[in-house]
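In the two assemblies presented below, chain A is common to both, partnered first by chain B and then by chain C.
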Partner chain A sequence: MKYEEWSKISRIASKKSLWILHFCTGCGAIEMPPVMTSRFDMERFGMAPMATPRQADVLLITGYLTVKTLKRVIQVYEQMQDPKYVVAFGSCPINGGMYWDSYNTINQLDKYLPVDLYLAGCMPRPEGIINAMMELMEMIEKGEARGWEKYRKNYEKYKKNQEMAFKFGKVEE
Partner chain B sequence: MVTVVSGLINVLIIAIYATVAMMIGILFMGIGRKIVARVHNRVGPPIYQGFIDIAKLILKKTNITHGWIYDLALLFSITGIVLTILFLPIGGVKLLSTEGDAFLVLYLLAIPALGFALGAGASGNPNSAIGVMRALVMMLSYELPFVISMVALMIYYDTTSIAEIVASQYGKWAILIPPFAISAAVADMALQGMLMEAPFDIPIAPHEIASGPMAEFGGKHLGSLMIYKAGTIVAYTTLFVDLFLGGGVVMKGGIVADVVNFIVWFILIFLVFTLSLLINTSFPRFRIEQAFKFYWKYEAVLAIIALVWVYWMVIS
Partner chain C sequence: MKAKEIIGRGEEVHGRLYVKVEKQEVRELIKTLKENKFQHFVMLSCIDWIDDGEFELIYHLWSYEYREHVMISTRIKREGEEMESLHDLFPQIETYEREIKEMYGVNFIGNERLTPFFLEGWPHMPPMRKDFDSKKFIKDVFESIPPVEDEDEGI
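Now for the complex of A and B:
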C-alpha cells in the first residue's frame, strides 16, 4: 500500500479525473453551481460532481461541521475508495470561523479526518475553488496528497478524537 | 492441427473486434461529454476523458465488493454486450451469424441489462432497488414500439436476418421509404430509452436517486460498468444504423470496400449518437409512468400505423 509503488500513469490518471462529492453542510453550497456551469466549467479539467461516496475521489466539505454532521462526514469518508482526498472549504473547518465558540460545532477538522488541502476564505470565490483543485492536482502528481494513507496509519488516534467529540463536544481545547 | 490454429485465429480476430468496438464506445463517451458541454456553452473535457476515467477507476487501491453475485453480474453484462456486438453487422461485416438473428439480438440485448440489474440488486442499496425497478419498467416500455418497428422491416424485406436486411438496403436505405421514416422515428425514441439519455434517463437520475443502480459501485466495479456502458453505446447505435441506415454499406467487394464501409459506419453511428445527445441536452426528465405512457400510447400506435402501411405495400 505504499504511495511510492504507484506508477506515474496511475498518478496522472488520478489527477486528470477528480470526481468530487460535495458535502455541503453549511453555507458553501452556493459557490458550487458557478464552478460546475458555463462561467467557470470545472469539467474542462476532468472534474465532475458525483452522487455517492463510493464513486468519488475528493470529499469537499463546505462550511461548519456540527458534532452530528461530523458523524455523517466520517461515515461518508470511510465509504470512499482509496486513494481519496479531503478538501476543507472555507474558514470554519480550519479554526471554527465565526462559530469558533459555539457549543456544538467542531473547530479543527484536521483532528478527526486527514485534510489534504485547506481553502481559506469566508466564502472562497469560484476562482478560489478552481485554484485549489489545480493545487490538489499538482500535489497528487508529486505524491504529496496522502491523507488516506495517514488515516490508515493513525487510525487509533483519529478514532479516539472522534469518540471524544461524539461524547463531549469538541476536543481542541 | 489446422483447425486448432484457425480456431485460435478466429478467437484473436473476435478479441480484436470486441476491443476496437469498446474503444470506439469509450471514445464516444468522451466526445459525448464534449458535445453536451458545447451545447451548455462550456469548454468541456478532452475527448479522451473516458480513457482517463476508466484508467483511474481500474487503478483504485481499494475495491469494496458486496458478494460474488455483485462481482459476476458485471462479467455477465460485459459478456452479453460483447456477444451482441459480435452478432451485429458492422459495416456489412459480421463475425457470428445464424438464421433469424434479429430475434436473437433482441434477446441478447436484454441480457446485459438484466446482469446490470442483478449486480445493482446484490449491492443492497435502496436507491439501487428503485433504479433497477425503473430500468426494468423502461425496458418493458421501449421494447414494444421497437419490436413492432423491427417486425415492419422483417415483413418488407421478407427475412429475419439482420445481415440480409442490411444487404437488401444496398443502394436504398430503409429510412427513405415513407413508412420506415415513421418506424425510424419511433426506433430513435426507443434508442433514447436504451441509451438512458434524457428524457428517459429515469433509471439513473443522479439528482433523485443518487445515480440509481450505480449507487454502490466504486473502483474497479465502476470501471467495468463504464466499459459496459461504452459497449451499449456501440451496440444500440449500430443496431439502429443496421436496421434503417443500411449498416453503412456503400461499396461491395474487396478490402478497400470494407475499410470504406467501416468509415461510413463510424460516421453514421456518430451521427445517431449525436442526435441522441442533442435530444438529451434539450429535454428534462420524464417520470416513469409518463415514459411508459409515451411509449405505449403514442410510440406504439405510430409503430402500428407504419406496420399496417408496410403490410398494405407488401400485399398490393
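Now for the complex of A and C:
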C-alpha cells in the first residue's frame, strides 16, 4: 500500500481516540467538567482528558490568554507530538472577546499558534463543545486539520510574532 | 460605631467608617486599630484621581469582634511623592504595595520587595494609570502583529 493510503487509515483510527489537554486558564474551564462527566459524557465519542502534553492530541485553549500565559501555552504546544490540533474555545482566543481592549490580553491566538478549529460563544454550551469535537474528527479524517504542518513550515514567522508579543511591541529590528 | 469611638474621627459611608488622613498619620491610626481588635487587614487599594493629580491609597481593616469595616484614606501626589511602607504592621501589606507599585507606579519607602509581580517584561508605563491609553496600546502592539500567511493553508 502507498503512504497516502496508510495515512488515511491511521487518520480514521486516530480520529476516534482524541486525548484532550485542556489549558484551563480562562472561564471556559467551567464548561469542561459537565462535558467530561456522566451527563454529557464525551468518552462515548472517543475523547478523553489527558494530564500531560506529551500524550495529548488536542490542545483546548479555554478562554482568554495573557502574554504571560501565551508563553506557557507555546511551551505546552511544542511538547506535544505530531499530529496535534489546537481548538480555540470561546470568544477570547478569536478576537479578544470582552477583554479586547485590555492591556495584557493577546487578541488573536492564530497569530501565535495555528488554530484548527474555532468554537465561538461566551461560553459555548457542552453540546457546542461536543459538536466542535465531532467537526474536528471529520476534519482529521479528511486531512484538513493541518495546523501542525503549518507551524513547522512557518516556524520562523510564528516565532517572530511570539517574540513581538512577549516584548510588547518593543522589538529591535 | 465602635471604630469611631476608638479613633475619634471619620464619617460613616454605607455602613463603613471612612477616615481621611494625611499620609504621616496612617501608621499611627492602623497601629491603634490593630491594638483595638481590628486584627484583619483586608486590602490596600489605589485610585488614580488624574484631574486632581493625586493617587488615593485606601487601607481597609476589619474587626471580627465588632463586625465593622474601616477605610483609611490618604492622598499623595501623582508625580514625585512616595508613601511609607507599612509592612511591619501587617506582613501582607508588602504584597499589596508590590502590586500597586507595578500597576500605578507608586513607590513605597522601606519595602525591599518591589520587584515585577504579574507583568513579565513590561516596558511601558504602569497600565492602571488613567493616562495609559489602552486602545492605542493594543493598536500599536497586538494589532500591528501580522497574521501568519501560508501559500497552501491561507491565514
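We take it that the second predicted complex is superposed on the first by the 162 of 173 C-alpha atoms of A that agree within 3 Å, B and C clash if a C-alpha of one lies under 4 Å from a C-alpha of the other, contacts with A are read in each partner's own complex, and residues count from 1 in each chain.
In this text, a residue touches a chain if its C-beta (ideal position, glycine included) is under 8 Å from a C-beta of that chain, and two chains touch if they have at least 3 such contacts.
Bear in mind that the values here come from a model prediction, so they are computed numbers and not experimental data.
Peer 1: Report for A:K150: first if it touches chain B alone, second if chain C alone, otherwise both or neither.
Peer 2: second
Peer 1: For A:A120 in the superposed arrangement: first (chain B), second (chain C), both or neither?
Peer 2: A:A120 contacts neither chain B nor chain C.
Peer 1: For A:K167, select first, second, both or neither according to whether it touches chain B, chain C, the two together, or no partner.
Peer 2: second
Peer 1: On the A-aligned overlay, A:I130 touches which partner chain: chain B = first, chain C = second, or both, or neither?
Peer 2: neither
Peer 1: Contact-wise, after the overlay, does A:C27 reach chain B, chain C, both or neither (first, second, both, neither)?
Peer 2: neither
Peer 1: Applying the document's contact rule, which stretches of chain C touch chain A when the two form their complex?
Peer 2: Checking each residue of chain C against chain A gives 118-124, 127, 132, 134-135, 137-138, 140-148, 150, 153, 155.
Peer 1: If we count contacts the way the header does, which residues on chain A are in touch with chain B in the complex?
Peer 2: 1, 6, 9-10, 13-14, 16-17, 37-38, 41, 43-46, 50-52, 54-55, 57, 80-83
Peer 1: Quick one: which bits of chain A touch chain C in the complex? Just the residue numbers, please.
Peer 2: 67-68, 71, 100-104, 106-108, 110-111, 114, 146, 149-150, 153-154, 157-158, 161, 164-170
Peer 1: Within their complex, state which residues of chain B touch chain A.
Peer 2: 33, 37, 40-46, 49, 52-53, 55-56, 59-64, 206-207, 210-211, 214-219, 222
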